[in-house]
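In the two complexes that follow, chain A is the common piece, with chain B as its partner first and chain C second.
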Partner chain A sequence: MHWLSKRKYKIGLLIPTLLVYSVFIVIPIIIAVGYSFTKYSGIGKARFYGLSNYIRLFSDKVFWISLKNTMIIFVLAFVLLLTISFLVALLLNNRLAGADFSKALVFSPAIIAPIIVGIIWVYILDPNIGIINNVLDAIGASSLKHKWIGGEVFSPYSIAVIYFWQQLGYLVTIFIAGLKMIPGDVLEAAQIDGASGVQKVRYVIIPMMRTTISTVSVLIITGVFKIFEIVQQTTGGGPNHLSETLVTYSYSMTFSSSDYGYGMSLATFTFILSLVITGIYSRITREKEA
Partner chain B sequence: MVSKKKKTIMYLIMILITLVVVFPFLWMLVLSFKSNSDILSSPLSLPKTLNLDNYKNALHTLDFIRLYGNTFFVCIISLVVELIITFFSSFVLARMEFRNKKMQKLIYGFLIMGLSISPFILLFPVYKINVLLGLRGKIALVFPYVATSISFNTLLLVGYLKSLPSEIDEAAIIDGCGIWDLMFRVILPMTKPVIATIVIFNVLYIWNEFPFASVMLRDVSDYTLSMGASFFKGTYTVDYGGIVASSIMIIIPELIFYGIFQKNIVEGMTAGAVKG
Partner chain C sequence: MKSKSMKKFLSLILSSTMVIGMLSGCGGNEAADVSKDESGATVVKFGIHVANPKEQEVVTYNIVQAFNEKYDGKYKIEFEASDKEAHSKNMKLEASDGTLPQIFWLDASEAPEYSDSGILLDLTDFLNENTEIKDALGGMETAFQDDNGQYGLPYQCNVQGIFYNKELFDQANVEYPTNDTTYEEFIEMIGKLKESGVTPLSIGSKNSSYAMWEFNESLARYGWEENINGILDGEKKFNNPDLTACFEKLQGIAEAGAFPENMATIEYFDAKQLFDEGKAAMFGTGQWDCAEFDENIGENIGFWWGPKFTDSSYEQDIAMKVPSAPIVVNAEVADNDAMKEAVYEFLKFYYGEEAAEISYEGSIFPATNYSDVSATESQYSMNAMLEALGTGWTTPQSAPDLTVTSAVQEALYNSMFGVMQGTYEPSEALDKMDEALSYSK
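Moving on, here comes the complex of A and B:
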């Protein structure tokens, strides 16, 4: 083998990948961070602006709204997805006839373009033509009608629910893969010792699924910071930026308002925030294990 | 061991969950046969006839042949480029000898790091770089798509290539194979299953991708499918029926694709997550 492992082969074969990766992933991140310290409107040259963009974040109302919305989506999606996808995985892991078919159907939203996911849910949540409010009207529960999207309050919660719908089957599949890795004799031993179903889950399955649970958690955390199309389609961040998330706000500042420096400071902040939350999460879980 | 009653409850919950997840799709299908005024005035009513007007309108407004064509075009070029370059680099990282093992690990780690990078921080800088390189229109999407696939492809390819026994290479070399023969005629054919997963996963990614497309594509004639889907927001200000029908024409091929390649899709999506 090693007479083929010549240096020139190694370098020659590695360079195309390293080049594309550097030019289109690594350098862009550096550029983004760089722009975040400038004032730039796309015309002329970017002007060095020090920390002003970051200071502006703190006094920017819309920034706080989008941070709050992002956190609402994050917490709600995290709780819903982690618990329910785990429970559904436990259910579908039983040998039920049709479980595979059900799994395939539940997975399907994850493969649809997110932009279409947004469109689909407009027809469910829209205050006027959406099915929810119309059903509430039809059963005489009009008092429960709300502006699920496009109002002032409910949009981030609705986004979390849509995201939940999109991701459920995907995470269920990952949990089932984790469940399959638990050796059967461990569960049998618990059974013989007289553990109830709940006890088995609490004392055997959850502890043995630690890695899978943290994988799923990290997927939810990073996933929430990639939600974009759903918000664009359902509310467009409106009304008055009230349903903006960090990602959509950064996008709109960059590409609609052409405030590139500020947009990049938002993007950088969002990027660092998602890394920090992931970091804190893995720290906590590691400490628990130790 | 599970009692009958318990089993019945489990079935009921399973059916309920499945129905709840599938319902939004079915609802779209129902709406697509209703006229726009019916959708607006009586949202809950069922269509009286199989009215295909919405589909006709959608076909009239959106040039589906072009949208599918553009998507297909970007997809093929991106896939060819990414497969060639990541196969090369993964081959080096998985099967060649490094005097400095740390270097090998470092390069691998560097390439895998991309899995945790959100595309949104890249949009504007990549747009700038494309302008600088003179890349415009749908071609401007190729390098971003290739670059964002590198981490995933490396993860899968290196993992798989490492699992092939090194005796294969030795035997091939003794038989007089050069490095190109070894890579293309011996190793590549064995890599088919993982390449299939990579291809299918990336096809789906490019098919659905919106953020990069929305930034790079200015000209309607360059639009890919996801851009087409967002396009009718402005065009049909009130034509909800047209939007539904267009969405269905994008969803159905995807669901068929999913039906055929379900195993590879699920494998790709979970492998990227679990191993990453």
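Moving on, here comes the complex of A and C:
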């Protein structure tokens, strides 16, 4: 196996990946950033526009609404997904009756296409035809009815809940895989030392699962900044862009308004924001580990 | 050794890049290349804005089939089909890499930009060579002219307004609307229909804010056509007393409870379904839905242009009969005589009398007008429209929403739905349009 570690072989093996990564990831990002400094309708030639798109960004009310919505979804999804998926994984990792069935049940939303997830939740949350408001009507609690989607307030919260529902099973599976990696004798030793269940989690499991927790956290952060189909299917970003996220607003400006330059400045901002948040998170966790 | 490896590495990267570059360059000037099918027929690609023309654009599909049959072995039209949004994206991408189809449908707000880029063939010669078609178009082609010439021809003729279900009006004991029904009477009508338990006017904004055809008439009755050039030139603003009054009426209609409560979470198709199922009394749309209404509502269908506004000084006798989006021809077609001949033959057929007959059979108004073709008795919706058109009212050169660029058009839709949904005040909504216009310059 020694020969594989030679520099020229390493390079040779990396080339296909680097090529694909460059052509489909790096170059499109560079092109998108380039377009963010232009005025371009998608037809003809792009015109250099300096920083105008970025200046417009900060005076655009819809941009701030979409940023606020994205951050609401991010905070809610991060807190709920990280804690609950970990707790569910702890529960399902025990040899309980029906654990395998429960695992399959929890994982099932993750295999449904996001666009279908959106359709399912429309039938739950829609103010007129949705199950929630109809049940509230049926039990005489009409005062609790709200526009869960399509109103001015609840849409981002509803989207966070839908995203949580969709992602839970996937993240639980990662956590379970992490839990399986913990050597049984370590947990046994903790038990012999008299550690309670909570103490085992606090002092043994969590420290030994730092890498898994970091991976899940990064997946949540990057995932939130990619939520698209759920918003399109439930609200289409409406009413009046009030439920837009950064990604859907970027899409709307690029393809509905044919304002490619401005759309790309939104995309660039979103890209940088997700990089910054991931970077901050990595730094914090690295410092803790150190 | 290290430097040798690096050289090899760089050579490999460069040669790979060159291969990719060469492959991507293969797509240039495709429209001028004549492709033949197995029978030797020249194949012409027709880019259309629906994913399944056979189901979603039945008339166009039938016209194409009739053409292919007539010119079997000589010319053949093949669809390049995708839904409207994907079609718009595809055309832009194909325009940038030179792989546009020979003929394609374009949104009217985007077509002028294509024309400015020199991508479209000037069809002036075609019309001059085929004067009977020019006569049959009756001036409708002027909507798609600019300094570059005749950059497109109307795909169809759009007649837009409000369809209503007479049965639901009878049940609510409400008089049918007439050509003289005013806004104030319309508001009363909405109240009575709502009391009867139906949605007065069905509409949905989710992913379909373009579905505001019934309000094009309102915009026209508040002087859109008279003022739009001044607004686009910067001499006037969208936020002016006329359009403010128009948007206030929209607000009034919304406050009267005309629309479904969940209009923000339903699409145009859901809204239409409410009307089809007899849950909504009125629905704003155009002639493309006639066949569906004949099937679902039958002889109970009525058609109305919308309310007249007593506070407007502009012409109120307006019939919203306008050219729909254009079909255009790729400029590269001119580089090959065989391809140009095939494309022109298709256009001659598409705008000919036989195609007009097929259109009427499918309850679609063709862009052309031939005196011998008309609707049959069982085409209730189309006959209702023809009756409304019988007044001989003036028609605008173009539907208001098709007179502006995509960005302003999007802002117009967003502003109108904002007022209807109560998220914008009329003045605020119009400011949004002015803002969009300023950014689009």
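Just so we're on the same page, the second predicted complex is superposed on the first by the 265 of 290 C-alpha atoms of A that agree within 3 Å, B and C clash if a C-alpha of one lies under 4 Å from a C-alpha of the other, contacts with A are read in each partner's own complex, and residues count from 1 in each chain.
Keep this in mind: a contact is a pair of C-beta atoms (placed from the backbone, for glycine too) under 8 Å apart; a residue touches a chain by one contact, two chains touch by 3 or more.
Predicted model, so just to flag it, every value in this text is computed and none were measured.
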Now for A:G263: first (chain B), second (chain C), both, or neither, which partner does it touch? first
Let me test your reading of the model: by the given contact rule, A:L219 touches which partner, first (chain B), second (chain C), both or neither? first
Touching A:P207, do we find chain B (first), chain C (second), both, or neither? neither
Check whether A:W121 is in contact with chain B, with chain C, with both or with neither, and answer first, second, both or neither. first
State whether A:Q232 touches chain B only (first), chain C only (second), both chains, or neither. both
Between chain B and chain C, whom does A:T278 touch in the aligned arrangement: first, second, both, or neither? first
Touching A:G50 in the superposition: chain B (first), chain C (second), both, neither? neither
Please determine whether it is chain B or chain C that touches the greater number of chain A residues. B
Is A:I27 in contact with chain B, with chain C, with both, or with neither (first, second, both, neither)? first
Touch test for A:I129: chain B only (first), chain C only (second), both, or neither? both
For chain A, give the residues common to its interface with chain B and its interface with chain C. 23, 128-129, 232, 255
Quick one: which bits of chain B touch chain A in the complex? Just the residue numbers, please. 1-2, 7, 10-11, 13-15, 17-18, 21-22, 24-25, 27-28, 31, 39-40, 43-44, 84-86, 88-89, 91-93, 95-98, 107, 110-111, 114, 116-126, 128-129, 143-144, 146-148, 150, 154, 166, 169-170, 173, 178-179, 182, 204, 207-208, 210-211, 214-215, 225-226, 229-230, 233, 240, 243-244, 247, 250-251, 254-255, 257-258, 262, 265-266, 269-270, 273-274
Spell out the residues on chain A that touch chain C in their complex, using ranges where they run on. 7-8, 11, 15, 19, 23, 41-45, 56, 122, 126-129, 147, 149-152, 232, 234-236, 238-242, 252, 255-259, 262
For chain C, which residues are in contact with chain A within the complex? 2, 5, 8-9, 12-13, 16, 20, 85, 88-89, 92, 95, 110, 113-114, 116-117, 119, 205-209, 260-267, 405-407, 410-411, 414, 417-418, 421, 423-424, 436, 439-440
Using the touch definition from the top, list the residues of chain A that touch chain B in their complex. 1-5, 9-10, 13-14, 16-18, 20-21, 23-25, 27-29, 31-32, 35, 88, 91-92, 94, 96, 98-99, 102, 104-116, 119-121, 123-124, 128-131, 134-135, 138, 165, 168-170, 173-174, 177, 191, 212, 215, 219, 222, 225-226, 228-229, 232-233, 247, 250-251, 254-255, 260, 263-264, 267-268, 270-271, 274-275, 278
